[in-house]
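Quick one: this structure, given as C-alpha cells, is what I'll be asking you about.
Note that the chains take the letters A, B and C in the order they are written out, and that residue 1 is the start of every chain.
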Amino acid sequence: MPRDRFDQILLAALAVTLTGLGLLLLVPGASTGQVASPALSRQVEKEMLSQARLSLLERRYAPVHRLLDQGELSAAMLKLEELSRDLPGEVHSNLLRGDVLWRMGQLDKALTQFALAVRGNPDYVDAASPLNQRDLIEAALTQGLPQVRDRLRSQPGSRVLEQVLRDGYYLQSRLAGGCE
Amino acid sequence: MNVLVRSRHFWLVLAAGAAVGVFGGLLSFWGNPQNSGICVSCFIENSSGALGLHSNQRMQYLRPELIGFVLGSLLCAVGFREFASRGGSAPLARLVAGIFLIVGSAVFIGCPIKLFLRLGAGDLSALSGVFGLVAGVWLGLQSLARGIDLGRSHSERGGGGLWVPTLFVLLLLFLLVRPAFIAFSERGSAAQHAPLLLSLGAGLLLGALAQRSRFCITGSLRDSLLMGRRSPLFWGFIAFLAGVVATSLLTGQFRYGLYGQPGAHVDYVWSFLGMLLVGWLSTLIGGCPFRQLVKAGEGDTDAGLVVIGMLLGGGLVQTWGIAATAAGVELPGKVAVLTGLAFIILLSLFSRERAPG
Amino acid sequence: MKIVHLPLLALLLAVLLLAGCDRPLSGPPLRIGYMNCNSAAETVQRFHPLTVYLQERLGVPCETVPVDTQDFEGRFAAGEFAFGHFNSLLYVILKENLDIELLATEMRGQYGSSTAGGIIVRADSPIRSLDDLRGKRMLYGPQLAPTGYLAQYDLMLQAGLDPERDLAYYAIPHGSFKHEKVIYGVYFGEYDVAAAPMLDLEIMIREGKVNADDFRVLAQSDIIPYCTFGAAKGADPQLVAKFRQALLDLTPETTVEIAGERVKVLKAAWIDGFEARTDEDYDPIRGMARRANMPPYQEF
C-alpha cells in the first residue's frame, strides 16, 4: 500500500510505463515497419538455409539416385567418391554409401556409414524430416546386427567388429528416440 | 511405520512421488521424447534454446512442464500462505552450481527424474547413473557432516522471491503468444511434445504437490541413507518408482536391455561421474534440479539463482559441445564434469566450518 | 623409519631408470617380405615404418624385404621369410602350396578389408554389355592381381566369353603403375575396355585424376578380401600371435620414430588399418582361380 507521496509517484509511473508497454505490444502500427524484425529475419533465414541445403543435396546427389535406381551399384560408389571430393565432410555421401553397401550385402560396412551419417545429421532418423531414412536404417540393423554378433562370436576381440557393433547400438538408440 | 501412516504429510509425499512417476511415463506416452516424459535438464536445454541461449535447432522449445512446476509451486505456496522471499546463502556459488547441475545431467543425458524413468522403462544403462547419484548424495552427506555449510538463507525484504516466478509467467506468455524471437524447433527431440494443456496441467499439479510435500529425488535418497524406512521421502521414492514402472508397462514403453535405448549411451564411467556431480551438488544446495524449480516458485531466491544458472548451463552444454549423445561423451563433456567436481571440492574447502585453533 | 624407506626408494628409482633404457635388439633380424606393387623403392618407403613398428612390438629386429610378385612363392618356400605381405590371390596360392597362416587383412578404401574388380569402358563407348566385348581390345592388369586380372577374367568366363578367343586381343601394360595405366588406357581411348581394380579407380577419382562420369562399369566381381599378411607354417606360435595382435592394434594415430621424425605408420603405408578375417572369406578367390585355371589350381 502506498505510504507517502513518493510511493504514489512510483505507482503512477509504473502505471504509465505498463500502459505504454501494453500499447506498444497490443496496438497495431506501433512498429514503423522500416526495420525488419531481426528475430523474424533469422527464422526466415534459417528456413531458407534449410530449403537451400535440401535443394543442393537433391541436385548434387541426383546422379547417385539415378544410378541406384538403375541398379548400377559400383558406378554409384564411384560417383559418391567423386562427390566426397567435391563436398568433403558432407555426410549425405555416408548415408548413400551405406545404402549401396547394404544393397551389396556388406552389412557391417553399411552400418558404419549409417552411423557416420546420423552422427553428422540426426535428420536421417527424424520421422518428421524430409531426409528421414528410418526404414532403411532399421532394415540394415535388422539384417546386419545378428550377422555382426555371429562374426564377433567366431572372431572374439575383433576391434573392427566391436566398433561396428557399437555403431549398430548407437543407431538403435537414435531410432528409439530420446532427447538429442 | 504406524506413526508415518497416520501422518497427512506421509500421504502427501506418497501422492507426490506417485504422481511424478506416473506423469513421467504418461507425458512421453502423450508425445514427449521417449523415456523423457519429465527431464528437467533436457527441458532446461530446450527452453534455453528457445530463448536463444544456444543455436541447436533441434533443441528449442519452451517446455510447459517447467513453467508448470514453478507456477504450480507459487500458486500452492501463496494459497497455503507458505510463500516467503528468502535467500542470501552463497548466491553466486548457487548460480555456478546450477550450471554444473546441468553439466552433470547433460553428460548422463538426463536429470535424476529421467534417470529413474529410464531405469523404470528397462534401460539397464542407467544403472551406472544410479550408482553415481547415490554415491554423490552420500558424498554430499559426508560433506555436510564434516561442516560444509553454504550459510543460512534469511528472509528478504522487497519481494525478491517473486522475480523468478515472474520470469516464468513471462515464459508462459511467450509460450502462448509465440513471438518471433522465441525459437520453436520443427524437428528433433524438441519438436516432440505432449499437448500444451496436458503438459502445463501436469506441471502445475506436480509443482503444487512437490511444494506441499517437499518431494525431491536426491532428498529422498538423502533421507533414505540417513533414516531408512522411517523417512516419508523414502516411501515417496518407492511410490515414484512404482509409478514409473507401472506406467511404463501399461503404456507399452518398457524395453528391457542394455543397448539401443532411447537417449542413452554406454560410457558408464562418465554416466557415473555425471550423476555423482549432480547428487553431490544437489545435496549441498538442498535439492535436485526439480526441487530447485519448486523452491524458486515458493520464493526461495537462492533456488532462483540455481534456476538461472541451470538456464545458462542449458545454453552452454549445447554451445560448447558438453552434452553427451547416444554416441557417448566427448572431451568437452568430460572436462566439464571434472571441472564441476573440482568446483564442489573447492566450494567445500572454502565453505567448511572449522573448529577454532 | 627413514632408513627403511631409503633403500626402497633407491630400488624403485633403479627400476624406473632401467625401464627407460633403450636396449638395442639382438639376434638375427626377422625378414618380412612385402610384395612390390610398383617398385622396390616404393615398397620400402611405404612399409619401413610398419616394420619399425612391428620391431618395437615384437621385441625382435625386423627387416623390410621388397619382393616381386612372381618370386614370392619361391622365396617363401625357400624359407627366406617367416612373415609376408601380399595380395589375396598370392595368399590363396601360398596357403594352398605352403599352408601359411592367415594373420590379418589390410583395410583400404570404401570396402574396408575387401575390394573388387571391374570391367570398365569410357562413358561415351558404344559398348553396353559384356557381350559387346567380342572383338574388342582389352587392357588387363598383372596376371597375379586378383582384382586387376583374375576377377575380370572370371567375370568374362561366367558371361560365356573366352578372353583368349573372343577379344580382338588383350594386353598387359609393362612397367610399374599397371593398374593406373589400365584405367588411363581406356580413358585416353587407346583400348576399348579395361580390367580395373575398383580401389584404384576410387583412388584416382579421389585424387581428381579422373571423374566417375568418365567411365561406365559394365560389370563388377564379387567383393573379395584385399591385401593380406601371412605367416609361414612352423613360425613360432607366440611370435605369430604377437605379430597378429600388433597389426590389429594399429590405429591411424600410431607413430614410430624414424631418423628423428615421427611418422604415422598407417598413413605411410597407405592403409586404413587391419582386420581379422577367416580363411573361408577367401573362398570366392579360390572359386575364381579354379574357373580361370589359374594358380594354385592351374592344370596344364
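Here, a contact is a pair of C-beta atoms (placed from the backbone, for glycine too) under 8 Å apart; a residue touches a chain by one contact, two chains touch by 3 or more.
Please read all numbers here as calculations on a predicted model, not as lab measurements.
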Taking chains as nodes and touches as edges, what kind of graph is this: line, ring, star, complete or other?
-> line
Which chain's mean C-alpha position is nearest the mean C-alpha position of the whole protein set?
-> A
Rounded Å distance, chain A centre to chain C centre (Cα mean) = 38
Which integer distance in Å separates the CA centroid of chain B from that of chain C?
-> 56
Chain A and chain B have mean C-alpha positions lying a whole-number Å distance apart equal to 27
Within their complex, state which residues of chain C touch chain A.
-> 107, 110-114, 116, 118, 198, 201-202, 205-206, 208, 211-213, 215-217, 220, 223, 248-249, 273, 275-276, 278
Interfacial residue positions of chain A with respect to chain B in the complex = 37-40, 43, 46, 115, 119, 122-123, 126, 128-129, 166, 169-170, 172-180
How about chain A: which of its residues touch chain C in the complex?
-> 63, 72-75, 77-82, 84-85, 97, 101, 104-106, 108-109, 154-155, 157-160
For the chain B and chain A complex, residues of the former touching the latter = 33-36, 39, 42, 45-46, 57-59, 109-110, 179-183, 186-189, 191-192, 255, 259-266, 325-327
